[in-house]
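Common to both upcoming complexes is chain A, partnered first by chain B, then by chain C.
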Partner chain A sequence: MISQQVRDEIFTFLVEDLNTFINTVDDVFYTSSSSQRQAALDQLTEKQPISIKLCTKLFANGRYAEVSMRLYRLAKAFGKPKLLIAQSASALPADIRKDFVKAAITQYPGAIIQLRVSPELFGGMRLFLDGTLLDETWNGTLRQLMHSIQQRLYVS
Partner chain B sequence: MSRNSLQSLITAIDQSLAQEKSASKPSRGGLVRSAKDGIIEIIGLPGLSLGEVLMIEEADARALVMNIEADGGLAVVLNNSQRVKEGQAATQSGATLSVPVGDEMLGRVVDPMGRSMDEGKPLSTKQMRPIEQIAPDVMSRSPVETPVQTGILAIDALIPIGRGQRELIIGDRQTGKTTIAIDTIINQKDQNMVCVYVAIGQRESKTAEVVRTLRDHGALDYTVVVSSGASSPAIMQFLAPYSGCAIAEHFLHQGKDVLVVYDDLSKHAVAYRELSLLLRTPPGREAYPGDVFYLHSRLLERAVKLDEKLGGGSITALPIVETQAGDVSAYIPTNVISITDGQIFLDTTLFYRGIRPAINVGISVSRVGSAAQTNIMKKTSGTTKLDLAQFNELAAFSQFASELDDSTKQQLTRGQRTVEALKQKAHKPLSLWKEVATLWAAKEGALDNVEPQEVRKFIELFLIHLETHEAELIDAIQKGQKLTDEVAAALKAAIKRFFQSN
Partner chain C sequence: MEALQKLGIDGASILFYLVNYGLLFFILNKYVIRPLTKKMDERSSHIRNNLQEAEQLRIDFQAEMARKASEAAERDQQITAELVAMRENAEQQAQRMMKEAERQREQLLAKTNADITAMKDRLLSDIEQDLLSRIERIVTQVLDEARSDEKTVKASVKTAWDRLKSSSRL
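Take a look at the complex of A and B:
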């Protein structure tokens, strides 16, 4: 039986430290071997208790999409994380990605971040947080424009 | 494009661009995480409700929520399923699934979403009704007392159906289940009844044949056909009966009597099983999900005879279930038997012996019973069911006996003639007076001296005789619907006159 204090500690580690790590780490991490990944994760948990060290074993394999989903599922076992999905038409440059993740973690504490690339959006970004959708993509704007033109034509 | 329309398009674009705000408004939405076999998984969207419709604008598709999880759920795509892809946004519509309804649907063939499928012009119904609806409660209901005249003598006499009843038609393939339902619809002409025929997972050619039959007999004018063929997605087959019921409820709340045929619920259960397995519901008996009973009970409970205060309309349900090798103890047949108020069992053996409709009178039953019979039919049919049961028993025993006493021989003769009298051709429903006259002739023993193979011919001649010579008697039966002493005497006299002279 894990005490509430330990659960809280693990949850905080997952949504803050590990969440930041897997979203801001260089792309090389996801193409490196399991042992190299484990070494990077061990560095992250150097000063952490054994329970937290054990958690990181789950993240030594897999692509970004799988790892981030695994993180969300694991976090759900220890608390109530929110899921913040950020979709962009192309991969965000490393520096912008780091700034975005840092800002998102500060703005939405307890949120697990997932970055996704969807070329069909053409440009801009779309955010999903806890059921709220904020669409600032070209695709969304064009669709909105199309609806509004259709409505105007229908009325006139 | 004309100059004017081009000008108006340009004006609209200008106005839209001028008024378009730079920041979009937040809305309720989640992300499509996976899309496979018409099922989509939504994440990042807590607070979904079952039966809610989601919009996937990028694919111009709609999806029906059928499984809820903590932060999303599983939904079944209703249209354009090929265009739905992972990564698209799914927004909440806040509405449950509804179907357009209206009087203009009469005579039309529609899909479960209420879109016309026939050659007629597009439907312009203004009203919508939710596909799923809670069945009327106890206090809204009235007892089932008014008969549904099916025009099938064996049913009207022995297994009467009342307005508001649920009567199951069950039997193996090719035993005449659909024919009974179609004949019942055909017989509703001028009987103040609206009919809804729901084809679930049927061959399109069979549905086309049904529509043609209804049209040829002038029955399509008061019928709505809801079709979800074998080639349509499982979700459409699953929704079809609920959609048909919603259309029926539109007429119900106008105080009308409605007859709904669900053809058939075995295929409906199979479609639901397919959906449930894709939705990862744990499989139970015969791989059906645990709630397959509720699937049919919530549908059939919507059959009702409404209280007079609520308009007094009714929905009579005729669900059809197909059995395999006559096995009525299979999962779906036993479920539907226990939900309905009786069943008409069609027997393959009887069918191939030439007894058509192949109704096995012994195990067919109507729990509403004689309460849903006209006075004249109640008195005429009397002990016919019991007599037939005794005849069947005697007939089985007589195969082993070398000598039979006179009373047994007489019972066998009468039974044989009654069985012959109950035979009826497809799509030739009988009016009440014809049913009463036929049954009366069999009951009175007028047919005892007629050879069994001649019985049908004699009855037809007898009915022609009545039509040409006994107009007053026909009128008395048809309008009065009561067996008065005068009617009984007139019937006896007419039978005597005809059978003595022939």
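Take a look at the complex of A and C:
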């Protein structure tokens, strides 16, 4: 039986440290071997207790999407994480990604971040959090424009 | 007497004539004049009765005629009243029918107007939808072409991030 304090520690580590790590690490991490990935994770958990070190074993393989989903499921086992999905038309550049993760973790504590590339958005990016949508995509702008035209036509 | 004889008048003859005349008068009176007078009285009485009956009949006839005339006048009045009532009824019926026809005409007109409006709205809606889908197709095509330029897409992501960052939500 794991104590509540340990559960909280693990949850905090998952939604803060590991969440930041898997979303800001270089893409090379996801193409490297399991041992290399484990070494990087061990470095991250160097000063962490053994329970947290054990958790990182789950992230030594798999692509970003799988790792991200695994992190969310694991966080759900230890607390009540929110899911913050960021969709962009192309992969976020490293600097933007770091800025975004930093801002998201500060603004929405306890939220697991998932970055997704969706070419059907044409351009821009959008965020989903707990049913809220912040849309800055071309596709969204087009939808808004169409809706606006439809409303004007309807009113006239 | 002698004087009479001198004049040629015989007393016995006169007596005879007187008796003869008296007898004749008696016989005539008994068998002719009296029955004739009686018969004439009877006839007269009969005629008078007939005349009275005729008069009575005339009076009755006049009364009957007056009654008939009164009845006819009453009947005429009744018929006239019935005719007036029938005419009024017919006029009311005609007015009701006119009103009903007018109401039906208005209903039909309203329904036709509503149908035309609905059809117009439907047509407009179809045209709007068609227009919107055309606009969407064109814009999508333009966006699709823009998507092939990686630099443009990356720039759009950066712009979007800058906007999100400046919003109060992030």
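By definition in this document, the second predicted complex is superposed on the first by the 156 of 156 C-alpha atoms of A that agree within 3 Å, B and C clash if a C-alpha of one lies under 4 Å from a C-alpha of the other, contacts with A are read in each partner's own complex, and residues count from 1 in each chain.
By definition in this document, a contact is a pair of C-beta atoms (placed from the backbone, for glycine too) under 8 Å apart; a residue touches a chain by one contact, two chains touch by 3 or more.
Just so you know, these numbers come straight off a predicted model, no measurement behind them.
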Clash or fit (per the criteria above) of chain B with chain C on chain A: fit
First (chain B), second (chain C), both or neither touched by A:V25: neither
Arrangement angle, chain B at one end, chain C at the other, chain A at the vertex (C-alpha, nearest 10°): 30
Which superposed partner A:G123 touches (first chain B, second chain C, both, neither): second
Contacts of A:Q87 with chain B and chain C, given as first, second, both or neither: first
Chain B versus chain C as contact partner of A:K76, first or second or both or neither: first
Which superposed partner A:L134 touches (first chain B, second chain C, both, neither): both
First (chain B), second (chain C), both or neither touched by A:Q144: first
Touching partner for A:L153 - first (chain B), second (chain C), both, neither: both
Minimal inter-chain CA distance - chain C and chain B, angstrom: 8
Overlap of the chain B and chain C footprints on chain A, listed as residue numbers: 126, 132, 134, 136, 139, 145, 149, 153
Residues on chain A engaged by chain C in the complex (per definition of touch): 88-90, 92-93, 96, 99-100, 103-104, 107, 119, 122-127, 132, 134, 136-139, 142, 145-146, 149-150, 153-154
Chain B-touching residues of chain A, taken from the complex the two chains share: 76, 83, 85, 87, 116, 118, 120, 126, 128-136, 139-141, 143-145, 148-149, 152-153, 156
Partner chain A, residues of chain C touching it in the complex: 128, 132, 135-136, 139-140, 143-144, 146-147, 150, 152-154, 156-161, 163-165, 167, 169-170
In the complex with chain A, residue positions of chain B that touch it: 8-9, 11-13, 15-17, 19-20, 23-24, 26-31, 43-47, 57-58, 70-71, 85, 87-89, 91-92
